[in-house]
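Please go over the structures that come below.
Look at the two complexes coming up: subunit A is in both, with subunit B in one and subunit C in the other.
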Partner chain A sequence: MISPAARDRRRFVLLMLAPATVLLIGLTLVPFIVSVLFSLSNFSLITPDDFAFSWFENYGKMFDSPEFWNALRITVIFTIAAVAVELVLGVGIAALLHFETRAVPFLRLVYLLPLAITPVAAVFTFRIMLNPSLGIFNYMLKQVGLPPQDWLGTPGMALATLVVVDAWQWTPFIMLIAAGGLAAMDEEPLEAAQMDGAGPITSFFHHSLPMLFPYLAVAVVFRSIDAFKTFDIIFVLTGGGPGIATRTLNLLAYKQGIEFLSMGYAAALAIVMLIITIIASQAFLRRINLFRPKAAL
Partner chain B sequence: MKADRRQPLQPLSTRVRAGRALMPWIRRAVLWIFALWCLFPIYWLVTMSLKRQVDAISRKPKFIFEPIWDNYLSVLANGEVWQYFQNSAIVALGATALSLILGIPTAYVLARYRFTGNADFGFWILSTRMTPPVAMLIPFFVVYVQTGLFDTYIGLILAHVAIIISIVVWLMKGFFEDLPSEMEEAAFMDGATHFQAFFHICLPVTLPGIAAVAILAFLFSWNEFLFSLVLADRIQTVPVGLYSFVGYQQIAWGELSASAVIMLAPVLAFVFVFQRQLVRGLTLGAIK
Partner chain C sequence: MTKSPNWPQGGFHLPMSRRRLLQAGTVLAGAGVLSSAASPLWAATFEEVGDQWTSADIDWKSQSGKTIVLNAVQHPWTDAITPLIPLFTELTGITVDVQTQSETEYTAELPVKLGAKSASPDVYMVWAIGQAITAGWLENLDGYYANSELSDASWWDGDDLFPSARSFQKWSDGVRYLMPITAESQVMFMNQTMLDSKGLSAPSTMEELMETAVALKSDDVAGIAMRAKSSGDSTWPAGGFIFSYGGAIIDLDGKNVINSPEAVAAIEMYGGLLNKAGPVGISSYQWVECLNDYMAEAIAMGCDSSNFATDIANPDKSQAAGHTTYGTIPKAGSNPIKPNMWHWTAGINSNSANKEAAWLFLQWAVSKPTCLLSSAAGLATPRASAWASDGFQKRFGKQAADTALASLKAGDGDLFKATWFHPKGPQILDAFGIAVNQVATGAMDAKSAMDAAAAKIDADLG
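Right after this comes the complex of A and B.
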């Protein structure tokens, strides 16, 4: 028999969980299942009445098409390049800021801006600054005697520019997490090492960096997941161009689904993206054990 | 033997000392260059909005110019910006309120009560944030078109709740975990029910946390682009409006920048006023 107290407790837990659970089932689980079903069908909003299940036809078509492999390659390059740049810069700036004494609150405030600002507005500003003939970037290049660049017009350069803009927006994310990790760190081993004559740079790499790893792991996982599904920056800055040089999986799925209205194929793309994300994130997040309640009632 | 190899302390050589004296200045220079890099696009946007057309598109970018307010006046007279503002405000406030009401109780239970599947439930909620947006967008689009939710405030609010509720739950869970569990234990001793412990003991203490999460939820909804773009047509939110501006008037940079600045105003205000609270939210609770 369940005691009245245990029954009360269980009723409370269920009641508290119910509203969000119902909503999340309706808004995320059901759409997900619908997406899976779409991906197994020929569903297109242009000819909705011809709906039929075509099973794995979409997936077969996708794995046979060069545009999918191209998009996957670009997505992976973009994600790795962006996260790598952000990680190195973010940790570096956090380390420098840790020892800085002047104007730290102001610097922190400024570093926060790229994260909070409406991405579309920031990206739009970058578009103006990157304009080949009138933009400030090419003007600066000319001042130092370098040839002007077609930042968004040539394939390799366009992808590199996207990485830079992404790094502008997201380096502060890694920097803030790394700075928080440094602030929470026990300084004693570091001081001991410096007493033994280790320079600040050596002691940072040997002592602080290893202790930062748990923080950086979280930062890199979150950032990679987000970079993998970047939309705003690419959509507004290049729209996937020139040609298909910056068309990531996300943009390809958007194009297929929302522009060409072939929902089945777009859903298949989205499902493949989801599977990649789940495999990558499960592997990391389960390991770092974020999901145990700390106090229990 | 080992102790012998350890070098006795010696005065540092001049080179090393010069290097150490220079370090703070190199460090400072790097930090300020990075600050400049973070700030520059925003600075450039603001100056563009204050420039005449000839100054804005002059081949030699002008750092010194006579500021004018004409761009702002013509944008504000146009009225479209107000409409975007109103749409975004309705959607963001609605989505924030709904996601708090639904998310806070869940977060509390996840933080405080051990039950079968607690960790899985937490992971499921966080995983909704990892889902590529297109995977949700396509069913949303189809269902919205067929049920009439397309291009309605309710439709946009629900879509935004789906996006931000995971962050609300995740962050609020962190705030509840910070509270000592003795608080509720004492309340239970006094005969309080679980509901009373939650409503009267824990909720009031976490109000600052709730405020921080509310600001962040509002910000995420205000900045959201993809769902607002696809799931509505006449109801354009701020980012969508800005994007459509870019499409229509490629070269009217002055007016475009002025509208962008106006649309950024609430975001900037939030950053300046709630800097500390935002850090925790924007790092997804990794930094307390």
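Right after this comes the complex of A and C.
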């Protein structure tokens, strides 16, 4: 028998949870289920009245398509390269800014600015700066006697440029998390190591970096998921080109859904992206034992 | 009857009666006075110009009190028509809610809205015609043309629309779903100072174009720039090359012929020009880079939309203002030139609850008086009478206007429609755009790239 107080408390809890639950169901669960259903159908906005379930036909078509495998390969390369660059730079900058000087608060603010800028606006600015004829980058190269570069013109260079732009925008995110980790770190072992004669570099690699590991793991998971579905930078700068050298899965899904109006096929692509993201992130988290209690390690 | 040798073939008529011409002249003169006082042409009041619409035998007030939503792309048409809308509201009592988006946002959002059978917008600019008609998102306009309360055929003067514009209105079933709102054609624009400095003249054949472009290229200036980005943007100018080489992308029987010898030769020339004489980074060039580079005198020649002329002629924007020569696309062998052409169109949402009001708006927006007003702001409208007006010629440049008209006349609307109006047009143009990009960057030869595009198109067409 539940007491009136317990009943009231239960009612209160349910009431408090209700808005979030409704929003979760309405904005996440329902669209997800609809997407799954679309992915199993021939749904096209051009012929919506011919809607029929084709079950796994879209998935079969996708796995048979060289375009899909090419897009997957590019997406994986882009994700790994971008997150690796951001990780190295973000941790490095956070470590440098950990030693408080008068300039550090100002520098911290400056380094965080890319995070605060609207992505599309920033990318359009990059597009202007990367313009081979009139852009500032080639102008600077010319000033020091170097030949102008075709930043987005060859497959390798285009992908590298996209990684650099992504790193410009998202390195501050890693920096912020790493800086938070460093600030929360227990300084005693570090002081002990320094008293034993360890230099700053040794201390960093043997003490600070291992202690930062859980923070960086979370940052890597967040960034990898985000980099895997990057759209704006690639769409504005290369549109997937040259050829299809930078056409990632997200761009392919956009093409199929928005340009070709093949919603069923686009939904199948989106579902596959979701499954890859879930499997990869779960595998990563399990591999590093992030959520296992320390006592069990 | 033809008043100018450059007007498009077939059906050009003296566009205005003497009375109308005087009225229009008065409007433009008034506009000139107003613009000289730093006020825009659109400052014309309804009292000054209203009788040009009220003289039509149309019950303009029949839909008074309604509000229609116009979805439009950020485009010169939108810029030109929006300031005139208060005149429409005064004429009809209909309020127009103009909702403008960038082309990327627009093409991403509107299909979803229309696909969900939304009643809004009432009127919209149509971006993928074949898709929109096949999906049933456009109202059949024939009934509105025939409705004597809502239309006045003699006042409307359909023959004043360019033949290509009239052709754009119709789908393969002969039904008019679209209202053409702009007119543009593919033209060459050349920096005359640069040509003169090398003792060169405007090329008239493709071979001469290659020689001229290569001769004009230097460390600081590229000989030529044309669109090459692989996102489909390059297909419009490259399509004009294919048509002028006697080829097609989708032929008039609906067959995929993108890897025909003519098409391959055309893309070999297009890509070769960019490869040998184009700027560094041509791979990411869309129309905006082509225009900006030309206006900054970073390239000597271009081959793109005639609508560039308004910006090129503007000395505030363009270093090439005052010394640009326009020409039609050069000849390829003995084939007739067939530059590409385009009319932006607008249509009525088939699920709109305000179709009559929407029709009145469309009719007003493309009527002679409205086109005359918007063309004086530099808009290339689909009406011959507006192109012939002093206001337009002054703003656009006479030589540019004459060349654009000659190109419109030479363009083959049916060949264009076979590809661009195809229900799977976006898929076809995507494959074609990738091929053009690969040839322009030298990643593939023309034959291999076009064969790959043909295979992809065949797979998409099923």
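Annotations
Here is the rule we use: the second predicted complex is superposed on the first by the 279 of 297 C-alpha atoms of A that agree within 3 Å, B and C clash if a C-alpha of one lies under 4 Å from a C-alpha of the other, contacts with A are read in each partner's own complex, and residues count from 1 in each chain.
Quick note on the criterion: contacts are C-beta pairs under 8 Å (C-beta built on N, C-alpha and C of every residue); 3 or more make two chains touch, one makes a residue touch a chain.
Bear in mind the structure is a predicted one, so any value in this text is a computation, not a measurement.
In the superposition on chain A, A:L45 contacts both subunit B and subunit C. In the superposed pair of complexes, A:P31 makes contact with subunit B only, with no contact to subunit C. When both complexes are overlaid on chain A, the residue A:Y215 reaches subunit B alone and has no touch with subunit C. Judged by the number of subunit A residues each one touches, B leads among subunit B and subunit C. In the superposed model, A:P132 makes contact with subunit C only, not with subunit B.
With both structures placed on the common chain, the touch criterion links A:K255 to subunit C but leaves subunit B unconnected. Of the two partner chains, subunit B is the only one touched by A:L17; subunit C is not.
Of the two partner chains placed by the overlay, only subunit B lies in contact with A:R108; subunit C stays clear of it. Shared interface residues of subunit A, touching subunit B in one complex and subunit C in the other, are 45, 133-134, 235, 254, 258. Touching subunit A in their complex are the following residues of subunit B: 7, 23-24, 27-28, 30-32, 34-35, 37-39, 41-42, 44-45, 48, 57-61, 101-103, 105-106, 108-115, 118-128, 130-143, 145, 158-159, 161-162, 165, 169, 177, 180-181, 184-185, 193-195, 198, 219, 222-223, 225-226, 230, 238-239, 242-243, 246, 253, 256-257, 260, 263-264, 267-268, 270-272, 275, 278-279, 282-284, 286-288. Listed in rising order, the residues of subunit A touching subunit C in the complex are 45-48, 130-134, 138, 148-155, 158, 235, 237-244, 254-255, 258-261. Subunit A contributes residues 8-10, 12-13, 15-17, 19-21, 23-24, 27-28, 30-32, 34-35, 38, 43, 45, 89, 92-93, 96-97, 99-100, 102, 106-122, 124-129, 133-134, 136, 139, 168, 172-173, 176-177, 179-181, 197, 200, 215, 218-219, 222, 225, 228-229, 231-232, 235-236, 249-250, 253-254, 257-258, 263, 266-267, 269-271, 273-274, 277-278, 281, 285-286, 290-297 to its touches with subunit B in the complex.
Every residue of subunit C that touches subunit A in the complex is listed here, in rising order: 104, 107-108, 111-112, 114-115, 131, 134-135, 222, 229-233, 279-284, 289, 292-293, 296, 298-299, 423-424, 426-427, 430, 434, 437-438, 441, 443-444.
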